[in-house]
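See below for the structure under consideration.
Chain naming follows the written order as A, B and C, and within any one chain the residues start at number 1.
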Amino acid sequence: MIRTDTHTIACIVFAAAALATGILIDDAYYLQVLIFIGINTLLALSLNMLMGYAGQISLGHAAFYGIGAYTTAILSTTYNLSPWLALPIAIFAAVTVAYIVGIPTLRLTGYYLGMGTLGFGMIVSIIFREWYSVTGGASGFVGIPPLEIGSFSFDTDQRYFFLVWGVVLFFFIICRRIVDSRVGRALRAIHDGEHAAAAVGVNTAAMKLSIFVLSAAMASLAGFLYAHQVFFISPETFSFLASIRIVTMVVIGGMASIWGSLLGASLLTLLPEWLHAFADYEMMVYGLVLMLVMIFLPQGLTRGIIDLYEKSRKNRNK
Amino acid sequence: MASDAPLLEIDSLFKAFGGVRAIEDVTFSIQPKTITGLIGPNGAGKTTLFNLITGIFPADSGTIRLKGQPVNGKAVHDLVKMGIARTFQNVELFSSMSVLENILVGLHSRTTCGLLGSVLKTPRIRNEERMARQKASELLEFVGLSDHADRKSGNLPFGWQRLLELARALASEPDLILLDEPAAGLNMSETDMLGELIQNIRKQGVTVLLVEHDMALTMRVCDQIIVLDRGRKIAEGPPRAVQSDEAVMAAYLGKPK
Amino acid sequence: MQEFLQYLFSGITNGAIYAVIAIGFSMLYRSTDLINFAHGEFVMIGAMTMVTLTVAVQVPVMPAFIITVVGVSILGLVFERMAIRTVRRPEPIVLIIITVGASIFLRGLGMLVWGKDSHTMPAFTAHPPLDIAGARLLAQSIWIVAIAIAVAACLHLFYKRTLTGKAMHACAINKQAAWLVGIPSKLMTLLAFGLSTGMGAVAGVIIAPITMPAYDMGSMLGLKGFCAAMLGGLGSLWGSVLGGFLLGILEALGVGFVSSGLKDATAFLLLLLVLYFRPGGLISAVKVKRF
């Protein structure tokens, strides 16, 4: 567990680094990659709160991502609504779905949420693909407008970079506060022993539900940011495989680690770029990496590297 | 010393699992600020009774009343708010969390900070957190674990884990605390300390109901003893009386009556 | 009437496949408390291997069937040994993700070995389709249903009558107690994997002639088979059979009378309904709180 003051320093350093990067980097390609890393970090962080702290798994998280993206796309394009109005509606939609899936499944102990999210994720992804008249079907949805505040438009990569990373930093702080509070402790307690947590007064179903809802809202926000960056969305981005990719980010970065979300998101955004070198072997390598990390470093790379470092320090001191 | 109204009243309680009648027509009451022992051979239904009182599953029929309020069918966490706490036979700590953090979770029902509060971090919330940590430190001192507040609870030796679980249960300021075999796995000196601790808990005004197999401990600390055998109550009374009760001896030793 | 019958036949055929896949999930869960999300890929490997053997290598159907099932079972054993037993921290979340990773790995492997195209193979027997009240019933469909029921019956006997079967069941009920009476739980887990993946191979083999097997057929089949298992009751043999047939029939009727876009969604809608109203499944073999 990284201590809170270390975390504050890390946040300040991180904010400075992000600021510098945004100002110094000119290349549109690099900026876009960094923007995607930012959006993926938000996604990974949202799932991490659920998996890492509450110990629940969501196998359909891309559905919330998609709900955020499609809601704002449809409302701001087809219905000409301001994206800033579409945003609360998108989040509300995701929250509603989270309640619908979560209420029946979270009152049971065990991984029923995982199965419920699997089912729901598949259904939502099928809806995106089949409801041609509203979502554009398999060919996708075009013409999403950029974000604007008055006359200031977020239509350059640099401006969007600051927007996205500003949001990410904001949520780093929020999530840290939640983890360090009574709520965070209750969640970790549920993770360690749900029966014992109930026996000391934690309303486990309500706690799991509220973190699931928060997690859905954050993923929906990520979808919103994604839609107004790329201006075109298609169901492929929100498929079952996409949900697995988010799980991978959390797992590789390290569950219950806020900075781990950053690491996992970075690796998984950059990995496809590197994996293209493997061409036909891409899927095999991806699957293999997932398995190996889980078999040998189940606590994720962040924790794993820290542990290895501490072990080597102990060996040197002997 | 005990006031008139009983703290816990169990009336004609029945619980069956399939064909097995785990609890059959059990009736007794517990006065406030007393220590009651629940004994009986294995399979007598002691843990089932605990689970019924703490809300893990509902009884088939009969009532359980705490301070006059019916308790049957309420959720486990609601009962904690009403004033019931328990420890487990196999210590169930939050092993990835520190000793202090375990106690802080124990204070969950007496604190209020929610998602919004944790994010906004208002002075009221910060104050509540400070008071909670203060209270947790006091509880650690009560059980003698102050020096280990930041240790990972999973790394504690077994006897201390039991103490921590006890402190955690006390954190919710219960009126009634149920201890499920607290002496199991403890050596003689640890058991003696436990006995003293239980008496101190009573001094703090908390009523104790404990299940134990360690007869010496039970007879020493308890004001009254209830004996179960095969789901039924077969004896009730002060330790001396129960010790010489023939039905009890038959149940434990299998002597023909 | 004719349309209804046609959909019914198609539904029963698919239902039999889902049933066999569901049995694979259920039996593994029953013996080991694990959900193998890579199960669908073993179905795919079974189908593709069968195609390769019968078409490219020209092996006759019966021996090819046996070779495929045995081969895939061995692959399952290897999988258990390498990916499951070696896990440092066997928590459910970790194991789930490992099987998900394995599923992606095996799919990539399939793509490498068999390419991206779909393949075809002839039916087991060369009978022309039967005409029943105007609806067409393929000979292969009869094979599929018959084999599915035979497999279920054999497993039933295995669990009830043989010592190994009873031992496996004992492990599922109480691992420690089973160990105490001398049942080697590691061996049982290994066997359970072999049996489960063998089931998967059977499903792949019998469906190969009527679908067009390709490297990516495993994921949807696996997910739907899982839904069928949950529908019937995870851990229950006849529950999986019931769930499989029910899913197949409802899916076909949904496609026929409501909308074809609904095809894939049916399984997941049923999954959600089961979770909401009867999490233990129609035949609640497993206590609801456990996973």
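The rule we apply is simple: a contact is a pair of C-beta atoms (placed from the backbone, for glycine too) under 8 Å apart; a residue touches a chain by one contact, two chains touch by 3 or more.
Since the model is a prediction, treat every value here as computed from it, not as a measurement.
Common neighbours of chain B and chain C under the contact rule above are A. Relative to chain A, the chain whose mean Cα position lies farthest away is B. Computed centre separation for the pair chain B/chain C is 47 angstrom, with centres defined by C-alpha atoms.
Centre-to-centre separation of chain A and chain C, using mean CA positions: 32 Å.
Here the CA centre of chain A is 42 Å from the CA centre of chain B.
Taken residue by residue, chain A touches two or more other chains at no position, since every residue touches fewer. On the chain C side of its complex with chain A, the touching residues are 83, 86-89, 91-94, 96-98, 100-109, 111-112, 219, 223, 227, 230, 261, 264-265, 267-269, 271-272, 275-276, 279, 288-291.
In the complex of the two chains, the chain A residues touching chain B come out as 174, 177-178, 180-186, 188-189, 191-193, 195-204, 210, 214. Against chain A, the residues of chain B that register as touching in their complex are 54, 56, 75-77, 80-81, 85-86, 88, 92-97, 101, 104-106, 108-109, 111, 113-115, 117-119, 121, 125, 129, 132, 168-169, 171-172. Every residue of chain A that touches chain C in the complex is listed here, in rising order: 51, 55, 57, 101, 104-105, 108-112, 114-116, 118-120, 122-123, 126-127, 130, 240, 244, 247-248, 251, 255, 280-291, 294-296, 298-299.
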